[in-house]
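Each of the next two complexes has chain A plus one more chain, namely chain B in the first and chain C in the second.
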Partner chain A sequence: MKLLTLNFLTCAIKTCKTSPSSFPLHPQDAELEIVESDVNMAFLRNILPRLMWEELRGITRELGLPELPETAPAAEDLGEPSQVAKDLHRLLLETSIREGKLVCGNCGHEYAVKEGIANFLLPGHLV
Partner chain B sequence: MSRPEDTLPPDLFYNDNESRKYTTSSRIQKIQSDMTHRALSLLRLKSPSLILDIGCGSGLSGEILSASDQDGTPGGPHVWIGFDISSSMLAIALEKEVEGDLFLADAGQGVPFRAGTFDAAISISAIQWLCNAESSEESPSGRLSRFFNGLYASLRRGGRAVCQFYPKNDEQKKMVSSAAVRAGFGAGLLEDDPGTKNAKTYLVLTVGGGDLDGDITGVVKGMDGVDVIDQRKKARVVNQRREMKGSKGWIIKKKEQMEKKGKVVKPTSKYTGRKRRIAF
Partner chain C sequence: MREYLVRLVQMHESFRKAELQALADVSGVEMHIIKYEEDSPFCVIGLPSDKAAHAMISRSILSQGIYELWGHGRNYNALHASIKNLSPSKWNAYHETPFRFTLDSFRGSRTPTEQRDIVESFSYLEFAGPIRMKEADVSFRVFEDYDHEAPEPKYLYMGRFISGSGRHAKTMYDLKKRHYISTTSMDAELALLTANIALAAPGKFFFDPFMGTGGFPIACSHFGAITCGSDIDGRSIRGTGGSARKGQMGKKDVEGNFRQYGLEERYLGGFVSDLTNTPLRITTPCGNEQNGGYLDGIICDPPYGIREGLKVLGSREKLGDKERATHHDRCKEPTYIPPKRPYSFIAMLDDILAFAASTLVDGGRLSMWMPTANDEDIELVIPTHPCLEIVSVCVQPFNKWSRRLLTYRRLSDSEVSQDSLHMTKKEYETGIKADELNGFRRKYFEGFKEFQKLRLETATGRRVSDESTELEKTSN
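And then the complex of A and B:
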């Protein structure tokens, strides 16, 4: 699962919907991999304003990745393949969680990740 | 002919065997690809977007979302996230090394993304399954409403969703579209080849606040067999019979172009051999 996805995913459990601590989910025992892909500049510019930067910084810290700058890059910094764009692409679209789990900060529910696929099926009483 | 939806729950129906049969059938590949292109033309995306694929299966629709504009995907390449209730289907998507992120999840349990995540959503041949509740504690209407409420919240204002589905009958068609309207969507039903055994139903959904202001008539107005179910225009039926030749021809041409390049039959060609390595 790409770190991009983790910046949008929330806990699926009904009672967590209204709790701010149900986002972001926290990776645990995560094994990361890099899956290379072409840089998509237009996509990066599109998604930039929707990122929750503070949460992204938190997650990269939890994963032991290099510290991110305090503020998100500005749209102007994402000019034709600038280093900033390449770094952002590497972080959001190429860095993936291959194995491990995602844990809700509110209810503690653990979502297993296997071969990059997170299991979000809930037992009936939690829906 | 019996409907698979009436025989088994989807995760059991799409087991390893059925999932492989489904994905490798060139007849199914062609139909799913045509419908995905049709749905994309209704989404009218102009630039690379973040798209949710509901009931993504083995990624037949997703592969098209990942293709570039030159290869026939308007506004592409898009980035997509897909989920499906069948782990066998997802296993095949993994094998094919599709570009999108995959999840094991049940649309009837909701859509677990924060508000305003997606530019658009697509669902091809999946949501009729929501009308068959798997257990006694669940009702089709409860599952439909959880799904559409979640979908509505996860789309950004001005976003759109197109769901092609196979309603069992008119009653089911109505049950699905009214659940979408109740969740807040502007909604319209578009039918291709109505009345034939190739009939295809597309539920076109808009989230207010964008350039169309939730007015679905701006999307499907003047099209063949359109049924406008926008809340404000209570079930007004626009029944214009117009041939969609241009649009179909376009799809077929693109399909042929893509097939020539091997994009559909050999979908991973562009990325086979890309590096996959463990880091950190």
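And then the complex of A and C:
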């Protein structure tokens, strides 16, 4: 799963969703993989305003990846493409989690990631 | 505004206008439909330019091409008169150009001699350029529209070729050539068509909550969208559950399908989840503050509960304390399988709408397939949501039933009336068995002779007994 996915994922447990600490999920024991691809400017421009910047910065810190700037770049900073755009592309669309787990900051529930696919099915007692 | 002729294909008729409109929307082109008939593959539309015509039709699935309309009429005399009246100003530009002149007879045919005579009858256009059947600089075409088995065409058109369609993608994505499919994979043509109607395009972000082997996300990515999907059955995403194809060996998964088409950079990934307990961020639907949606489109073919079970997380019966403790203790074991229960199809449709309302951006689209028994056609309730406006309803009829593609547009919060948000909670079918929960499934199986017994029981009003549980097992 490419790292951008984490920008949209929270804990699957309904009662957790209302708590701010259920987002983002925290990757643990993550095995990362980088697959290079062309920078998709149209997509970066479109998705930029939908990024939860603070939370993404937190995730990069937890994964030990190069730190993101303090504030989100403006659309015009992306250039054709600028270094900022290339860095964002590298982080969000070239880096993916192959193995590991995603942990909810509110309830501590762990979601396993295997072969790049996270499993969010809840056990019987949590539905 | 200039007139163009779209040569449609004569199939999936009820999808054709919806696709044309969607293509105009996605290309930002102002289009007017001037002439359209369900029984004809010739459609006349008004567009601002050749460029707009190309932008629209080059990604169309249900057409073959678009032509600048030079003339039309009920017979050849009328057609020639119309061309002489409407288009003489255009003739001169092609005086010396290498050209091609062909005939397209729909539901009719002409002998080579007749074809030649017809083409010759246009000699007044005075095209002196060389004739090239291949790689001509400009192509002209005469179209004949016949009624079934009629000796003479009922209407004629003539036009200059502007652009071919995107219909070849249907062959490229043909399921027969896809490495990994399942029993319920959507036909490539319809998947691409759905992606078009949902406005999949470069830069956009699309999601399929019932992705299976990824047919819809692949179709959306073909049109340039970045896609992501989920399914309650992890085996279909990971590909460890085998393929529907006999004798298929080796690792096959959704990622491999994207790789087959060179689209892997547009695939964000798949995850295992249940829509009723989705891990995706849910923003408060409508009302205060801004719409926090992040999806440009959702397209899906939800399980109808016939060929694939309609299940969600949870247990058939409420768990006791002891069982809950067992689940708690065991859930971290690698062999643990979360319990699932049958679910009401109607409730699922409403869940999809609610999910769409809280994840789509303003103007984002939801395109969803749903079945309809033919005899219920009129009473059929198309699910609604105050934040979603229905854009199009397209029907694909089968022998004993039909299904439809519903497309909704996410309204901006200012367009939504606040009163309508306070919907009364609906009553869904209750029960714990699949047949009790799913009216469509019940009707579908009632229609088949194999389920005589079940029918008899229903007819005599007897309570569905253990026997039907047996039947249910067989049907699953």
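Definition applied: the second predicted complex is superposed on the first by the 127 of 127 C-alpha atoms of A that agree within 3 Å, B and C clash if a C-alpha of one lies under 4 Å from a C-alpha of the other, contacts with A are read in each partner's own complex, and residues count from 1 in each chain.
We adopt the following convention: a contact is a pair of C-beta atoms (placed from the backbone, for glycine too) under 8 Å apart; a residue touches a chain by one contact, two chains touch by 3 or more.
A quick note: this is a predicted structure, and the numbers were derived from the prediction, not measured.
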Chain B versus chain C as contact partner of A:65, first or second or both or neither: first
Which superposed partner A:98 touches (first chain B, second chain C, both, neither): first
Contacts of A:32 with chain B and chain C, given as first, second, both or neither: first
First (chain B), second (chain C), both or neither touched by A:123: second
Partner chain in contact with A:85 - chain B first, chain C second, else both or neither: neither
On chain A, positions contacted by chain B and by chain C: 1-2, 4-5, 8-12, 14, 23, 35, 37-38, 40, 42-43, 46-47, 50, 93, 115-122, 124, 127
Complex contact set, residues of chain A against chain C: 1-2, 4-5, 7-14, 17, 23, 25, 35, 37-38, 40, 42-43, 45-47, 50, 93, 96, 110-111, 114-125, 127
Of all residues in chain C, those that touch chain A in their complex: 202-205, 224, 226, 228, 230, 232, 234, 237-238, 255, 264-266, 268-274, 277-282, 294, 296, 313-315, 319, 323-325, 327-328, 330-332, 336, 338-339, 361
Parts of chain B lying in touch with chain A, wherever the complex brings them together: 47-50, 77-79, 81, 83, 85, 87, 90, 94, 99, 101-106, 109-110, 112-114, 116-117, 119, 135, 137-138, 146, 156, 271, 274-280
In the complex with chain B, residue positions of chain A that touch it: 1-2, 4-5, 8-12, 14, 23, 31-38, 40, 42-43, 46-47, 50, 52, 63-65, 93, 95, 98, 115-122, 124, 127
